[in-house]
Every structure is written in C-alpha cells, then in structure tokens.
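Listed below are the structures to be examined.
Below, chain A partners chain B and then partners chain C, in two separate complexes.
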Partner chain A sequence: MPGKTQDKLIDKEGKRVDGRALDELRPIKIEVGVLSNADGSAYIEQGKCKILAAVYGPREAHPKHLALPDRALLQCRYHMAPFSVDERKSPAPSRREVEISKVIREALEPAIFLEYYPRTSIDLFIEVLQADGGTRCAGITVAALALADAGIPMRDLVAACAAGKADGKLALDLSDAEDKLGQADIPVALMPTSDAVTLLQMDGILNLEEFEQTVNLALTGCKQIYKLQKETLKAKYVALKEEKEE
Partner chain B sequence: MSSVVAKVKQKQIAQLIANGKRLDGREIYEHREIQLEVGVIEKAEGSARVRLGKTEVLVGIKIEVGTPFPDTPEEGVLTVNAELVPLASPSFEPGPPDENSIELARIVDRGIRESKAIPVEELSLESGKNVIIVFVDLYVLNHDGNLIDASAIAATAALLNTKMPNYAVEEGEIKKKSGYVQLPIKNHPIAITFAKIDGKMIADPLLEEEQVMDSRLTMTFDKDGNICAIQKGGTGYFTLKEIVEAAKIGQEKSAELRKHVVKE
Partner chain C sequence: MPVFFEKREIVTPGDLLAEGDYIAGENTYKEGDKLYATRLGLVDFADKKVIVVALKAFYVPAVGDTVIGKVVEITIAGWLVDIKAAQPAMLRASDVFERSFRPQRNELPSVFDIGDLLIAKIIAYDRTRDPQLTVREPGLGKITRGQIVEITPTKIPRVIGKKGSMINMIKEQTGCHIVLGQNGVILISGKTTENEQLAMMAIRKIDEESHIGGLTDRINELMKDYKRK
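Then we have the complex of A and B:
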C-alpha cells in the first residue's frame, strides 16, 4: 500500500514489525471438520491469513471425459474472496489464482493414493477469506488436513511454509509487507516423513549460498507446522472418542 | 499418452538415463542445439525466434503507452503472455489460455521481473498518467519439450533487440518524435529446466521425456549467477540434495546458454 510502507522491516535487535524473531512462525490456529456438507474440511489462521479448505470425493468426475482409467483425478481450486485484500479483488479467477491452483494440486498429489480410486474425482476447494502473505503455503497446510479429514488415504501430510529475505536478513514465514518489500520469497511444501519437497517456487534475488540457507529455514517451518497438523488431527479423534464414551 | 504406452516408454527412457544416455544421444545435463534469429517480425518493436532442437518459440515485443498501476505510478509496466498455438502440437487446442500457458507466461515473467532486466523506473513518461508498457508475447510454434527454457531465451533475446519509439511529452501530450531508442535492458535472465524421471535428473527434457517425468524444476539465473526465479512442476517431488545440485548445475549451464543470447 502506498504511504503505508514501513521504514524498516527488521529492527536492530533482529525483531520484525510484528515482534517476531527471524526464525519464528506467525501464530497458527487450525481446526478440522468445520463444514458439514463437505466430505472433509479444515480452517487455518496463520497471522492475519484466514483460509478454509473443503474436499468433496472421491466422487464421479465432472466433466466425465476428464476421468482417468488408472487413478483418481485431483482437481484443485484456490480462490481469493473479493474482500480478502486491501483493494477489492474481482471474484473471477486471476492468472495468479490459476497458477497457484496448479502448483497446490501438484504439491498435494504426491501424498495421495490416487490409484485407489480410478475414474473418480477428488475435488479440493481452497477459499482465502483474508490474505496477508503466504496464502499458498497456508492453503496447502489446510488442504492436506481437509484431505485427511475426508478419510482419503495418504502417504503423509503435506506441510508448507515460506522463507525469504527482508531487509537483507533471512526470515521465516514472511508477512505480506515482508514479501512485497523484501528481496526474495521461497514457498516450500514438504512431506516430512520422506523428506520430499513437493512445492518449490522463488521470486527475488539470492545467491546460491543464501538460497540453500533459505530453503533450509523454510523446511524447519514446514516441520513445525507438520507437528501442529498432527496434533490437530489427533485432538479431533480424541475428542470424538471421549464423546462416544460419555 | 495412454498409461500402458507411457509405462513402456518410461522404462526405456529410465534405462537410458541410468546409463547416462538420452533418447537423442545427449548427455543427461546437455541442452539441445540452440538456433537464434532476432528481428524476424518487422512490425514488432522487438522479436526473436528460437529453436531448441525441434522446439520452436517466436517472441514478439510490442511497446505501447498506457496508464501505470495505481501502486506504482512512476513505473513502466511489463506484461507477459503465452499462446500455445494449436498448430504447434496435437495436444494444443484453441481457446482461452489454460493453466499450462498461464504457468509458462508467469515463469518467464518472473525471470524478467525479478532480475530487474527491464528498469521500469526509467519507463515513466508522466507520473501516474502515462508510462511505457512492454508486452512480451510468447508464441509457441512447435512443441518438442522444454517450452520454458526456449521461451525464456527467446524473450531475453527479443528484449535485447527491442527499439521503442522516441516518445516525448510536449504540452501535456505524448508525441512520437522521429527515430527510435533502444529499450534499456539491465539483466539477462536465463532459465534452466530439469526433469526427474525414475529418480534421476536430466536437463532440457524432450516432449517424450516430459510425458513420462515425475516432476520438473526450473531455475532462472541472472547475469551474476544469482537465482531470480524457481518453479517446481509435475506431480512428483524433489529432495533437498537434488534441489541444491540443480542450483549448482543450473548456474553453470545458464552462463553457457547466455553466450548464445548476449553477444559481447
């Protein structure tokens, strides 16, 4: 936003505008099973980002000709609400949203046993209700939980987090301002049990050494988020069990 | 490709790669021969036609004057668009850009934008009112794999070859004065694309290799060897080791490929 730019993103003590340390994630709140109509759903708040994900399927593929003979078709729509950003965003899908839908789909696909459900479709919808940087990563994190909540067999969860460079320093989980005014941003998604990186993008300028350090920093973020994902899933089933016992 | 044919093909390609070979006899990290012609479209302010093996991409640059984005009133505008023209492949269909063409355009865009190849702050005519808009249109003419590297080379070459009208502001009006001026270009981004097939990495995949690859990784390097853009694609994954290795090899290869584009 013009006129609202911070002079400094990181102060002398290495604290960021929102008070975080360089290697600190934004506060994260996750819930699963939040929508009654969907086969699986989840909600995440990461800093000011608020994102809902829902999974329908496996169900009949639509349009039918897209169905695959040997596995399920994964369809993914990442979409931002018109009111999710400072200037109203047109609800029609932008080129950015088309690209992000594609990379999110490709980040989650390696984790799903699609071969169990040939000729069907698994439809994933990610709605960004409020955006504040890092929405594709938070979108992957929450979508993986929605898939698990739908009971779809998976090799692992997928956890995603970005790291980048702001004010010349490497920092984890960039906010919108740090992303826009910073020098580089690397979103990464990880299947932690197999150390498989399923999303990797970058914009900005980094030399090879900084690049490697930044990817490593993002991976530490993914691992922390993975823990939260597992705790959230476990908590839901423990709560269900207690309910049943009562 | 049907899944049975794909599996047979994948086995053949994977076996070759395991022995350090490719379908067309190349080394695993060797790019196909690059042929480059510039200034092929006289009506465009800049243009280049690149052949990377049998893959062929034509890039045309058009220059216009228009209004800047409200958040950057003193900067020119860069717009990259890709057309997967139906004559280029049996798999391309007419119609609005699909996710593949949007992704291609955005990868090339990111390389140019993030390397600051075009100094947009020098392209303002009247702050907030009139700036120069650079349209980069990627036109794929023949698809034999690795459209990204071919398009990125063609875009960089076309930008280096771009002469824009000599605009001047006189009494609040934009006038075209006689002659042309070179579009300022400060960096030369070069993209290097790797494909992973059966756990092995290769550079510059052929179409047949792309059809059986697990995943794809594109890294774009600026003239100083810094990374300025990355895109992972495909339904597989990479390990950290593979990513770091790709960055090292990509840096070397980008310097080699740049010699074809920037003649000094």
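Then we have the complex of A and C:
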C-alpha cells in the first residue's frame, strides 16, 4: 500500500474514493473465448481487477483414482500471479488460495450437470492477473462464463458480487482499500433463475439488520452482473448475425 | 402455457424457455412446470418438445457413430484412439486380425502405428465402459490421404443439411470425397489441393455461421465466387 492511508473512504456527498455511489458496481468488461488452447475461457475486468479463467474437459481425471463413478469431478484452481499485488506474492498456492479454490468449486458445483459425465474431470483454472478486492466474486463470475463457453451443460450461470460496510456505510462491490479499511465484507454468489445462493461468506462485524441489508445489496449486484454475463455470451453470435443480415 | 423465446433465438444456460405442458428435449431441463436451457444455443419448438441446438458443445460417444480418431497408444491387446471424447476409445486387436492373434509377436504397429488417423465405428459405450471401436466395415480403416477439418460436433447435422442438401452441394461443387465423423472431425479428399481447400473453407464457414438463416445459399454463393477467381 502507498504510504498515505486513506482516512475518508466515503465523502460528504456519499461518493466513494473512486467516485462511485454506494450502490454502484465498478465498471465491468467481460470477454468470452479468449484462449484457443482451452475448451472454454473468459476474461473479466472489474474495476482494477483483471482475471482470466480457463476450462478443460470433461476429460480423463488425473490422477485416475480421483475419478468418481457417478458424476464428473470438478477441479478448481484459484491462483494469484506473483505480480497481481503490490508486494510480490509467492507463486506457490497459499492457504488462502487453497480455501478460495474450494469455495469457488462449491459455488459452481450446484450449477453444473456433473452427473451426466461420470468418471471424468472438468478442470477449471482461475488466474488473477491483477487484484483489487473482490477477486473471489469476479473469479466465480468469469468461471461460470468459461464453463458455458466450454459447452458444459449448466442449470444456470452463477453470478457473484460482494457488499460490505466501509466508513460506517453499506456499500456494493468493495474495492481493496474499502475491504481492508472497512468494517465488513460479504461475498455472495447467486444462481438467479432459481434464486439459489451458492456462496455466502462474511468477515468483519455487522448487526443483524445491517447483515440483511448488505446481503440484499450484494444480491442486487449479482443480478446486474448476471445480465452482463448473458449479454456477453450472446454478443459474438448476435454481432455476426446482424452483420450477415444487414 | 407461454413460451418465452422465438424459434431460433439465442439462449443462454438458465434461460426460462417455456412454462407448462412441454417436453424437455436436448440441452434443456425441466423443474416443476418450468423448462430451462442448459447450454448456449438456438432454441427450437416442435409440437410440445423444446430443444436447444448447442452452439458450443463437446463430443459424447454414441453406439453406431462413425468417428475419426488418432492412434495415441498401443497396448498388449489393441490400440487406444483419441476420438475427442472424455475417454480414449479402444480398438481391439481381435477386431482387426482374422486369425488368432499372438501378443508375443509385436505386430500391432505394422497395422496401425501411433499417429495414424482412423475412420472407425463405435460398437460399445456406456457410463461404466470406455468406448470401443471397430474397423471391420466397408469405408472404415486407416486414412491414407486427404485433409482434416475440426468443427463443433453439434454442427455436423448442419453440415449435412436437410436430407443431405448441404453436403451434396459441397461435394458437387468441389468434387471432393467427404467423410463426416460424428465427433466433429471431417476428412476431405479431392483431386487437387485447391478443391480440398475450398471444401474446408465452406465447412469452416458453416461452423461459424450455423446460427444464421439462409446458410445453404450463402455457402453456394461463396463457392461459386471462389471458382470464378
């Protein structure tokens, strides 16, 4: 972090450090099918976060004994590049990354028809190129698109977004500074068609009322992101169609 | 009983397609009364059945499919063939040798070696077993000449067209012999490389533009244009 600490995260007019309103998402840019060697891939920029996701499979599970007789195995690796943060991060998976890999896997598993492809493995790689808070949520958002791009049958896309409390006010989609200096952070992942929450974590302190408001705020964020996801998936085909039918 | 999309509209996983007394076809699922899409694709309604033709999918073997694969491993009792499915397919030595076969005499590589491309047919596959192949039918066996194109397997029906209209047109225009592997691998062999290239170009275009109407006419146009040059 730079020497100067931000003491005011939210100014008098209710604007945040980056000029956003309290219930505003960071600007999001998503692309699908960015890697030719992967079966499916996607890339997201959410504020300063830059994340790449790649999906392989269903393919043979390695090591073979991990394969399950009744459904596909979903293997997920969330990894931060050494240059993704201010101070060099060791490329070896840290305790935090192992944990996030697990929660991301569990957030996506309910959305995939794993039972269609027994004895195989679906391998998902999430590479954080630049981190600025909310990477697990952006990771889930982009991973869901990479899975859809790989043609893996899904019940629904999964959209994720965080909300929290900074400077005593509830705010959507916290940045790194707001997360570190703020009071609480709640990442939420949602399958919007069935209104099913597949990830809900919290750190920090909130009272019951604030908790409810924050979760609802995060859910509205998820729904906005979900719309973007759908548009992105269709965009390539719709553009080509319009070009040909003009 | 409402329907929420038009025919041939693009849908994404989780899109609510229809509600009520409908039957879930391929790439859809039903929960209670509601019918959703599971893949990115084009929705189609036929009577009470709702299907989604996937724009992106991978190959799942089915018994009776003709596939094109590459030999990746030679085992004691046969060959392992990569057919672009989740598991490699097995071609047993006893399928190829008519006489009794002795594994002691290392003669498998002289028939099919690693890297050889084969046209084969799937004779067995289920959830518990890896796919098994045969080459003992006319038209099957090692590929000796031609070029290979790979497309999304779900678009093979599009390459064939209604009652073979598309594939017959391509064959006619280019004079190439074309073998379609259900796994999305296509073999093209013609008299000249130019003819093969033209057929490849047409097939790649079908892969890219399968979701846009009037495809047969556009492909026909494309090939005529190319020939004039």
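Heads up, the rule we're going with is that the second predicted complex is superposed on the first by the 237 of 246 C-alpha atoms of A that agree within 3 Å, B and C clash if a C-alpha of one lies under 4 Å from a C-alpha of the other, contacts with A are read in each partner's own complex, and residues count from 1 in each chain.
To be clear about the criterion, a residue touches a chain if its C-beta (ideal position, glycine included) is under 8 Å from a C-beta of that chain, and two chains touch if they have at least 3 such contacts.
What you see is a predicted model; the values in this text were computed from it and never measured.
When the shared chain is aligned, chain C comes close enough to touch A:150, but chain B does not.
After overlaying the two complexes on the shared chain, residue contacts for A:11 are found with neither chain B nor chain C. Looking at the shared chain after the overlay, A:39 reaches chain C, while chain B stays out of its contact range.
Shared-chain residue A:200: touches chain B; no touch with chain C. Of the two partner chains placed by the overlay, chain B and chain C both lie in contact with A:191. In the overlay built on the shared chain, the residue A:237 is in contact with chain C alone; chain B does not reach it.
Common to the chain B and chain C interfaces on chain A are residues 69, 191, 194.
On the side of chain C, the complex with chain A involves touching residues 10, 12-16, 27, 29, 31, 36, 38-40, 54-58, 60, 86-88, 127-128, 152, 208-209, 211-213, 218.
On chain B, the positions that touch chain A within their shared complex are 3, 70-71, 97, 99, 102-103, 105-106, 110, 113-115, 215, 217, 222, 225-240, 243-244, 247-248, 251.
If you check the complex, the residues on chain A that touch chain C are 39-40, 57-60, 69, 111, 113, 117-120, 148-151, 153-157, 191-194, 229-230, 233-234, 237-238, 240-241, 244-245.
Those residues of chain A that touch chain B in the shared complex are 1-2, 69-70, 95-96, 98-99, 101-103, 106, 109-110, 186, 191, 194-208, 211-212, 215-216, 219.
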